[in-house]
Every structure is written in structure tokens, then in C-alpha cells.
Amino acid sequence: MAFWIELLISGVVAGLIIGLSALSITLVFGIARFPNAATGDTMTVGAYGALLGHRATNSLLVGGLTGAAAGALVGFLGYWFIFRKLAQRSNVALLVASIGLAFVLRAILGVSFGHSQQVFQLPLVRPWRIGGVPVHPNDLVLAAACAMILAIVFAILHLTPVGRRMRAVADDPALARVSGISPSGVMTVLWLLAGAVSASAGIVAGIKTVVSPEMGWDLLLPAFAAAIVGGIGSPVGAVAAGLLIGVVQELATPFVGFTYKIALSFLMMLVVLLVRPRGLFGKLEGAR
Amino acid sequence: MKLSLNDISVRFGGFKAVDGVSLAIEPGTLVGIIGPNGAGKSTLFSMVTGFLQNGEGTVLLGDADISREAPFDRARHGMVRTFQVPREFAHLTVRENLMAAAPGQSGENLIDLFFRPGRVRAEEEAIRREAEETIDFLKLRAVADTSAGRLSGGQKKLLELGRALMTKPKLILLDEPFAGVNPVLIEALSGHIRALNRRGIGFVIIEHDLSALSRLVSMLHVMDQGRLLASGTPAEVLARKDVREAYLGGAA
Amino acid sequence: MEAYLIAILIVTAIYVLLSLGLTLQYGLTGLINFGHVGFFCIGAYAAAILSTAGGMPIGVGLLAGMVLAGLAAIPIGLVALRLRDDYFAIVTLGFSETVRLVVTSEGWLTKGVQGIPGIPKLIDGVGTGPALTILALVGLANLLAVMAFLRIVKSPFGRMIEAIRDNEDAVKALGKDPARFKIQVLVLGAVLAGLSGGFYAHYIGYVSPDQFLPIVTFYVWMAIIMGGVGRISGALVGTLLLMGFLEGSRFLRDLLPFISAVEMASIRIGVVGLALILFTLYRPQGLMGDYTRRK
């Protein structure tokens, strides 16, 4: 039993990572209307940014902030130099360009930091025992941090004027423009936010496991899967689906093996696309 | 081939774009559907032709219930639609656009393409001749070899009609054929429609241009806010006060 | 020197088959196939397994690779072709990664991460003679592929797939089912990629999972984007540019020995990314012009 609870906890942390990156994807999709394939490598940027910050100050908090800032910056630069100029083009053009950006980011990180895996030098803490189950305090801290980040994002979306504008644009960009909401202010905040959120996912992943140039891209497919399963455009859906996928993947590992667990997210995505294409929480798409 | 619409409704979220519309269109007639913007006319079209899947009600073509059929299957029954904003195949020439529309081409089958080249060639010849006839009928000879993406708006509308014709339809649903088209072309289009109607093809036309439409059709249906408001000959319908109010805001 | 040239030409011919397949799928039909390397991988491993452990003649392996790759395309088509194009792209990407996962895991068949060595060459023997024969064989395959491609492009089938690319709804409104055509195109492109994979396996002599990473799919994307989307000339020119880039980067490493192989791999990825961005921004139709085959 303890074994399963351990897996469950592991799954929740993995699920939060996937959920955060899916959140970033779904925010961008809802407002900029394309799947951002650079999300994965923005995660990696966040992880390396946090690594540098942590190495310099020995504070995980500072590391987290530098990582998030790095991600936000990358998100914004990508928008400013690339996606903004493609705003009138098809979503395919945006998708291909985002793949290009992903590759560029990975190349820069690979050349700058080398290919070996790096870890956050954190003090060794012995796991607590709660009811016979080993619980790593790190996992609790990470989960709490994720919860806080999610709270901040949802607060921005629902409690601030800019968040309201973002949701209006997501519902109908043409309408939003007509009623005087200038898209570009919304877009700037969107990309900063999306970048910071994916960076956070990367930081958590880097702390939980290792930091390497490919780590983000490897998490991209599960993130897309979660965004689609949750219903693309739905922030709640993205997080919920992320948790679902994370937990399912961990609990299934004893049965399907380590390598195939990633294929599970792909399988879940396919099933959803076949059976209920709008996902768990997605809105029905109107006439096109 | 009679088109029967029974209690058609289309909902977007909480909003009913089309609300319980029932219509019957007799074969070979020229019918118009008018109404102010947002009345639900195009939505009705999309529902009837299968481009919208979230509607209620039944659509009958002759005796066949096509309510659940995919759009391309509905078209194969002989009911073809055009689009309000023309959907030309931009990178194909006008002639190629027309030839692409012809049904039943074995050249579209890879096996036949490689193993029955003679038959494919013969069919292409026949289709090409038909396309040339259509080009002449619509007076598009000058642009026959031009990429469809380069045509003017009016020419694209003619091409839409031409493509529909190539499918040998019994019923054509035209979605705002006169929108954005100059008066001379409107007359030409009306002429083509009348000529085709004399050959036995039925038309259902959504239009905004009341004068052109009322001279063309024998029957008018008026929609407002998703519902069918009135039906009758153009003279009858346009004389009605409620129609004038809904459509023109009181002014005649 | 000539051995080197022949080698380059052989690899170019292998990539041309990949480019032709993707041109058919994306250039002509508008399918966003981000999983091309998956079919390449199936073809390569089929050829590898059948000619080594299976003890079959090379032709059988090549044929099997083509058939298996083509068959793999069918379920993808059935599942994914109803999806909007960006979802389709993601699903195909997932497909190629799943293929790589299967290849990595099923060690009993594929020898897993270690890979399969000792794959026989197409033609036995050293020196220019055999090499030229191999080139001729691959070149012949290229020629046949180009001829089939031309036949398709000029046919009603070709007209229809371009119509689907240009306006799928209009195609449906005219009574034709786009899915039928898209599946066939997907299968054809996959078959070409499978053949390409088989040639690749017999040329390199060794296959392993990390030769089939997504970057290979995007090498081919870069090739067709640079060369000009939707035309055979574009596929050919683009492949030449791609080869120039890949070989050029190798030369660069010889000139600048302080760059490690891993770093060069990173730089290559970066250049591909940059090319994708720049071409999408400034010249989406590539170097050979846009889709229209006429003025």
C-alpha cells in the first residue's frame, strides 16, 4: 500500500509539472490560437535560469525567480520578434516557427551549458514517515510552490483587469478588438505569463530530477496531451488533465515499464480526440 | 427533388441561431430566403448542407432523410451549395477548378490512374469539354487559364456557380451570390440562374439585395431572429408590415 | 575524392525520397506531418532486422519496410485526419516518438538502445564499382519515384489533393470526401519514407534509436521549405541545400577542431531552427516560388 501511495505522490508532482506546462500551452492557444511547441524548451530555459540563480546565491527562492524571469523574457522575445509578425498568418506558420524557436533555444542552451546532466545542489533531507509512507519534504515544498503559482495565475486571470481582457480576447479576438481592447497589451502579458509558467514547470522538473538541454522537449508531448485532454483553452482543464496524466503514468509504471509510460499520455490524448475532441472541460467550438 | 426542412434548430451555447424553422421547397423552383443580418439564414444553410453538426430537426431530400449525413454525402444526392465568401481553389486555374468539381472521376483513383490510363484520358477529355462549355456559359473565357486566387470578387462568384454546375445538381443553394457584385454582373448572374432554372435546376438563394432577388424568385421566405417570419410570393411578402419592420426598420 | 562524391550523392538520393514524400503530403495536400521520421525508422528497422537476424535477401527487407511503413500510416490517417491541422501535427509527432519508444523498448526484436550492427550493403564489395552500382540503384528508385510523382501531380488525383489543400470545405460541398484522398497521400509518403529508411540502413550498416529523433523530420521540413513547397523542383533543390548544410557543418568541424561533436549537433539544431523561423517569416514559399505551377 505504501508503495502505491509513494507512486501517487510522485504522480502528483509529475502531474503538477505537466499541468503547469499544459497551462502555458492552453493560455497561448486560447489567446494566440496556436499550439506553442517552444513551451518545452522554455521550460528548459527556466531550469537553467534557476540553476544559475541558485548557484549564485544558494537560495532556491532566488533561483526560482531568476528562472521564471528567464522564461518570461524568452516568452516575450519570442512574441516580439517572431509570433507578433506572424499574427495574420495561418496557425501552421506559427506552429512551424515555434518549432524553430524551440530548436534555437535548445541549441543555445546546449552550447552554453554542455550536454551533461546537472543537478540542483540541495541539502540531503531524509524523508519523513507519515503513516508508514515515505514522504519527501522536497515534494511537499514543490507541490506547495506549484499550487501557489497556479493560484497566482488564476488570480491574474480572474481578478485583474488585464486578466479579464485576456479572457475576452480568448473568447473572441475580433470582438475584443472592436470593443477597444488593444490586443497587444494583452499579448505582452500573455507571453510573459506563459513563459514564466512554463519556466516554473521546468524548474520543478529540474529540482525533482535533473537539468539537461533536452528535458523540456521530452516533456512537450505529455504537456500537449494534457492540454488537449483537459480541453484546449481551458486553464482548469489543463491542470486537471496534467494531474490525471501524471498520476496515471506513475501508477502504471509497474505494469508498462519505464519507457512506455510516456506513450500513455499519447494514448490518452488519442482516446480523447476520438471520443470527445473538445476534451474534459473544453468549450464547444462554434461554426467555422 | 423536394427539399423538406422540419423543425430545424441550431444552438450556440445558450443562443438559438435558428429556432424551429420548417420549410418545403418544391423541385425545380426558384426560392429566396431573406432577413436582416443575424437572422440565421447562413446558419440554416450550413445546417441543411451538413457543415454544422450541432443542430436539431430533420432534413429530407425527396424521401431520403439526410439529417445525419456528412456534407459530401448530401452533395452527392444532388444538392450543392456555394459559399458567401467564395472558396475558390486559389492555386488551380479556373478550368482546373471546374474540372475538379466533376463527379465520378476514375482519375481520382490511384489504381485507375496507373493501370487504366486510357479510361482516365477519355474521361478527362469529356470533363474538359464540359468545363469549356461552362466557361463559355458563364463568360469566363478570358480568365480560363488564370489562377483562381487572382480573380476579381465577381469572377470568383461566377466560378462558385460554375463549380456547382459541374456536379450536375438538381438543387443549388446560393449563399449571397450578389454580395459585393456590381449591378451589371448581378443582371448577368440572374440571367444565368433563370436559364439554369428553365433547364430544371432548383435554386434556394439567400440574399440581401431585395430588388434583384424579388425579380428573380417565385417564392420568398423571410427569417428574423432565427424564426420563419413569413412566406409567399415576393409581392405578398414585401407588402407585409411585419416584414418591412423587421427587415427595413419601418422604411419601405 | 570520387568515393566521397558518390557517398554524398547516395545520401542525397536517400533524402530526396524523404523530401518527395513530405512534398506530396504537405506541399500538395497540406498535411502537417511532423512524424515523417517514424516511417523512415520503420523502413530502416524492417530492412535491418530482416537482413540480419531474419536472414532474408535485401529486396525482401526493403519491400517489407515499404509495406509496413505504408500500413502504419493507415491508422494514423483514420484517427487523425478528421482533426484540425495543428492537432494532426501533434499526433504525428507523437506517432514518431512512439515508434522510437517501441524500438528502444523491444530489445528482443530491435536490440534496443544498442542498435543493430552489421547490416549488409546493397551491393557487396569495396571500391568505386560497387559504390556506383549502389548509387545507380538508389538513383533508379529516385527516378521511378519522380516519375510516379509527376504522373500524380498532373492527374485528377493531383488536382483533387491540391483542391483539398486550398479549400477543404469547398471539396466537401462538391460531394467528395477529403479523408479518402488524404489517407492515400499519407500512405504514399510513408511508403517513400520506408524505402528511404531501408536504403539508409543498408548504406550506413547500423541502426539505433537515436538516429531517428524528430530533428530528422525537421531536416526534411527545412529542405522543402527552403527549396519551395509544393513542387518537385523544390524538393530536389531543398534536398541539395540540406545536404550542403549537413556536409558543410561537418567540414566546419574539421576546420575548427575545438568544437566537439556534441556542440556541432547543437549548432546544427540551432541553424535548422533559425532557418525554419526565417523562412516562415520572410519567404514561406521557399526559393522556387509558390504553389502555382503556372505563371
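Couple of notes before you dig in:
First chain written, first letter: the chains are A, B and C, and each begins at residue 1.
Rule of thumb we're sticking to: contacts are C-beta pairs under 8 Å (C-beta built on N, C-alpha and C of every residue); 3 or more make two chains touch, one makes a residue touch a chain.
Note that this is a predicted model, so its numbers are computed, not measured.
Distance from chain A peaks, on a Cα-centroid basis, for B. Taking the mean of each chain's C-alpha atoms, the chain closest to the overall C-alpha centroid is C. In whole angstrom, the spacing between the mean C-alpha positions of chain B and chain C is 42.
Each chain gets a centre from the mean of its Cα atoms; for chain A and chain B, those two points are 46 Å apart.
With centres defined as mean CA coordinates, chain C is found 31 Å away from chain A. In chain B, the positions touching at least two other chains are 51. Not a single residue position of chain A touches two or more of the other chains.
Against chain A, the residues of chain C that register as touching in their complex are 32, 34, 79-80, 83, 85-87, 89-91, 93-94, 97-98, 101, 104-105, 215, 218, 221, 225, 262-263, 265-277, 280-281, 284. Chain B contributes residues 49, 51, 70-73, 75-76, 80-83, 87-93, 96-97, 99-101, 103, 105, 107-110, 113-114, 120, 123-124, 145, 147, 163-164, 166-167 to its touches with chain C in the complex.
Chain contact summary for the complex, chain A toward chain C: residues 34-35, 82, 85-86, 89, 91-93, 95-97, 99-108, 110-111, 114-115, 213, 221, 224-225, 228, 257, 259-260, 262-263, 266, 269-270, 273-274, 277. Those residues of chain C that touch chain B in the complex are listed here as 148, 151-152, 155-157, 159-160, 162-163, 165-167, 169-178, 181, 184, 188, 230, 290-292, 294.
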